[in-house]
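Below, chain A partners chain B and then partners chain C, in two separate complexes.
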Partner chain A sequence: MSAETAASRNAGAPRQGKGWALLGSELSVLFRRLRTWAMLTALAAVPILIAVAVKLSSRPTTPGRGPLFLDRITQNGLFVAVTALVVCVPLFLPLTVGVVAGDTIAGEANLGTLRYLLLAPAGRIRLLLVKYAGAVAFCCAATATVTASGALAGVVLFPVGPVTLLSGDTISVGESAWRSLLIAAYITVSLLGLSAIGLLISTFTDVPVGAMAATIVFSVVSQVLDNLPQLEWLHPWLFSHHWLGFADLLRQPVSWTSFGDNAILQAGYIAVCGALAYAKFSNKDVLS
Partner chain B sequence: MKEPVRSDPAIETHGLVKRFGHRSAVDGIDLAVPRGTVFGFLGPNGSGKTTTIRVLLGLASANSGDISVLGKAMPQALASVLPDVGALVEGPGFYPFLSGTGNLMRLDAADRHAPSSTRRHRVDDALERVGLSHAAGKKVRAYSLGMKQRLGLANALLRPRELLVLDEPTNGLDPQGTREVRSLVRSLAAGGTTVFVSSHLLAEVEQMCTHVGVMSAGRLVAQGPLDELRAAGQAHVLVHTPDVERAAHVLSRLGLVPGDAPGTGSPWGTTAVLGTGLDGLEPEAIVAALVADGVRVRGFTVENASLEERFVSLTGEGFDVVG
Partner chain C sequence: MWWSVALARTKQRWLPALVIPFALAMAVLFGSVQAGATVSLPPRTADEILAMIARTEVRALSGTVQQTAELGLPEVPTAGPGIAPGAASALELLTGSHTARVYVDGPLKARLQIMDRMAERDVVLNGGDAWFYNSADNSATHLTAPAPSVADVRESLPAKPGPDAPSDMPVREIPTPESMASHFLAAIDDSTEVSVGESSSVAGRSAYRLSLHPRSTETLVDSIAIDVDSETGVPLGVEVRAKGQAEPAYSLAFTELDLSTPDAALFEFTPPPGATVTETAVPAKPVPTMPAPEDAPTLRHPVITGAGWDSVIALPAGSAPAELTSNPQLSQALQPVAGGRAVTTSLMSVLILDDGRVYAGMVPLERLQSAAAQ
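On to the complex of A and B.
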């Protein structure tokens, strides 16, 4: 019977530990879930569908119709990834990010694991940070998936060569791969504000589906408002305002203005939603 | 190597109140759980046991009152107290898509003080102690109710603890599991761990606990050593006889209150008569009086008040949940 030394052993044990184990566990739980893989697979399918559709259609795409850069795919496969990202930004990416971010706290509450994490004790602030880090990791994985799958589909189905930029300059294949990664990073940053909103909503409910739906609705509403000219004054404050503003990254030299504006806006959302989530969660009665 | 007995209680509250809206689920309780005891926390459904436990462990905040757990004020000392506390609160909660081992690894990783080098070993150990070794690799989705309950217990045993808080630990367990839990609790207590266990299974509490506290509608109506609580109830005599009426007559003449015995499965086709209230009466004097009056006594027993009677007298007969 080992319990007899319970107190003495605990007292003797050094009270150290960096606490990274919880983050590792969070990531492994997130990426071991079937749901995560289903969403990443769906995202990976988008560029492949676009590439195959363009390849099979006999009519040349009219420039200016369809998503941005669609007309360029046949000339250069490197545009598949960028086109796919443009297609995914308004709906698919917010949808998957909404599922993960809305699930953060509410999902644990729903399973009953929230109380056991807190009793471990995980610490409320630490748990909130780890949960947000998990959502951020998913944002990275989501954009990386679309980019990688797009690059692959482009290379397999279309000719690849130097790319002509919006500014008229031509860049090498290697340079254009770098630009694709930049755009992926830009979109990842774009999704961070939405993730923070999802985390905040998630602290208010024990019903994960509700939190997910509310987060997705927020992203749709923000984009709708951004399209109403009457609300011009509001536009700079909408978290989706810069979502499609990555054209600057396709100029020579790269203009970082929109990247910076976007990052500042998202950081503001992270700060506000993070503070509210902390205020809510640190006082919340966990009754699930 | 035995812990030196510490005199400060493992759990102590003063005027603890927890309200949900206007209703008090916990209404000013003064709980004192001495160290090293097995404390049974009894009470009907909805009397506030789980709510008390949630507040004690910092899951919910109290509206007023002081709490100390293992000698430290809660919830201020939450982070330093909880590593020494193993808990099962309102049933188990696990990730259905992870295995039993996976779930425990995750919950152990959540504790910053739990050494990762021994994690796997401690998880296997805990699973072994609740008899889940063979189902350790199975997804929790495929666990039965009792298996989940056992996994919840394993989680409470992941590290050596000073205090175990178990909310209805035998819920859903088979008889073997129930016995295992009982002997587990006893052996933990023998090693110096304080066990605070809520239950409505009185028989179980009688077998397992040294101390009890009884909740009723948010109030703590009694607490203390089990024997004291039982002694406060009334002892009674049980007479097996075919001469029911005459026996009842003799008993009431002696100052006892005759009544029907519960579950009259008496031998030899006799009926049992229950007499309560034998204050200072010698049992042999009762038998002598019965025999002198020609009552054919075929069986005679003196019984102490059972915990059940005491429980019912404290919490009321009513079956309806106080809402």
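On to the complex of A and C.
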């Protein structure tokens, strides 16, 4: 008995290390991929395109038309990042996150490398966690890319000054940087539920393209349902319901309600999809 | 035997997939049951609760209010292609659901923030200044009431002591459950039956529920419930039910409430750079909500017939403002009836005759028509 516990304890230490090593290799594989960089570049191009288009157009933008704050970019470059995030949240960010999350397990299965990953005594739960952590890292990188590229494009092309909030109050440049970081964090949290759905779908198939497409379809369907007033009872349960709620961070004082609601909702999706993904993946016959 | 072991392991692995969603569902169910649970409070009579409201010492608060209106008016689209967020008219505030943050400090300072989707409408009141800001089109309107002169203050001293008398009007106009409740409570007379309902929990505070039932059968109003904080006597929520409608026709209640004094900087408003600012001086009493149609006061004295809940307000010919019929959103709500047009909601009806007479009341349309025929 004691020998057995000793043996398992001995096995524990290297397994612990193995998890971190696995995470390290997962991240390095993810961020060394050409596809990842292509997606991040495309995301970085969105705010640059917006900024250049506004700079080149001679027509003054009318307030209240186009995405949020589009009319204020010419007065204050710091709005480029916010406008770009508004544009990216419904489609571009879910698209890229869907590609990464859908690829997690199905991609390895398709390449035939899943078997070798499972040969190592790392365990399937750990592999699943590491794969999810990789998807989360991509969510962070994606929102950070849009925010940083937007801030850069705004600072280069437009004057920078105190920022007007939705409430009509103005805040200093330093505080606006802090609010931009908060918004990036909010959107990263918003994408966690979708990543968990992608991971779940990815355990069901060996065709990564199918898992990616299904994940993206889920995000579109959820947003369509969120716009149907007949399904109002369903709205608070849709993972995309709070996606545009980051506007609450641009009020004075900051309204934290939607941040909290969003975090709880996404945690629920992570728990349910994670449990289902674990059940499916631990019973999966890995043949390739 | 190996297959039974394998089956047992499979079952074991699916177990978390069943347990976790089940546990979450239970947590959600338990949470919603607890939110609707009744609170046990020492019993009070209706008169004691009315006295509590009158005695309340709360002068400053910050909170979030939720307003829901199910009046049966056509819903004004607030989202969708081609519609700027928050640009809809005042009529839009009477349909659907709205969330707003309210900050009140004393009788002179208040701020209302209507939180639209990706936009915000603000009302800032500070003494004689009133600011309206709409983030959707980045426009600000500044209303200045003439500063109350010393004579004014002295004149009003015998009636209402304190400097709050001349300008405490605007703060009362901020739609909080408190101001709503005071409208209804001021109207309590013999035509109303006041009773105490089951105590409830509003914004995390235990509250007594005061029920007002009209004795009249003519009115559209079924009942009005006012939730009163058991500690401070502040009205926390108002709910108006219409006859023959399951959901409340109108409700306004705090979802969060903090009774500490809000930050003074909230009441200092300077229009942001780039905003279009309109300056308006108000000669007499500032009325920040809708401009009342009382332009020519000599001709148009409203006549009130009936008493209590089923009273009908009649405005003589020429009272109907022209913009009522020219505004597309308003004309959408108007339906043609014999001799004019009418707005019927679940709580009140308005009849605009072709000769310009206007009849309104919390009664069915037929009663307005019979009043007009007299």
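Methods note: the second predicted complex is superposed on the first by the 270 of 288 C-alpha atoms of A that agree within 3 Å, B and C clash if a C-alpha of one lies under 4 Å from a C-alpha of the other, contacts with A are read in each partner's own complex, and residues count from 1 in each chain.
By definition in this document, contacts are C-beta pairs under 8 Å (C-beta built on N, C-alpha and C of every residue); 3 or more make two chains touch, one makes a residue touch a chain.
Note that the coordinates shown come from a computational prediction; the quantities given were computed from them, not determined experimentally.
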Partner chain in contact with A:L117 - chain B first, chain C second, else both or neither: first
First (chain B), second (chain C), both or neither touched by A:A21: first
First, second, both or neither for A:R33, with chain B first and chain C second: first
First (chain B), second (chain C), both or neither touched by A:S255: second
First, second, both or neither for A:N283, with chain B first and chain C second: both
Intersection of the chain A residues that touch chain B with those that touch chain C: 283
Residue ranges of chain A in contact with chain C within the complex: 63-65, 68, 71-72, 75, 86, 161-162, 164, 166-170, 227, 229, 244, 247-248, 251-253, 255, 257, 268, 271-272, 274-276, 278-280, 282-283
Touching residues on chain A, where the partner in the complex is chain B: 1-10, 13, 15-19, 21-22, 24-25, 29, 32-34, 111-123, 126-127, 283, 285-287
Complex contact set, residues of chain C against chain A: 10, 13-17, 19-21, 24, 64, 75, 79, 84-85, 87, 101, 113, 115, 117-120, 122, 131, 133, 135-140, 256, 263, 266, 269-275
Residues of chain B defined as touching chain A within the complex: 1-3, 54, 57-61, 78-79, 82-85, 87, 89-98, 105-116, 155, 159-162, 187-188, 190-193
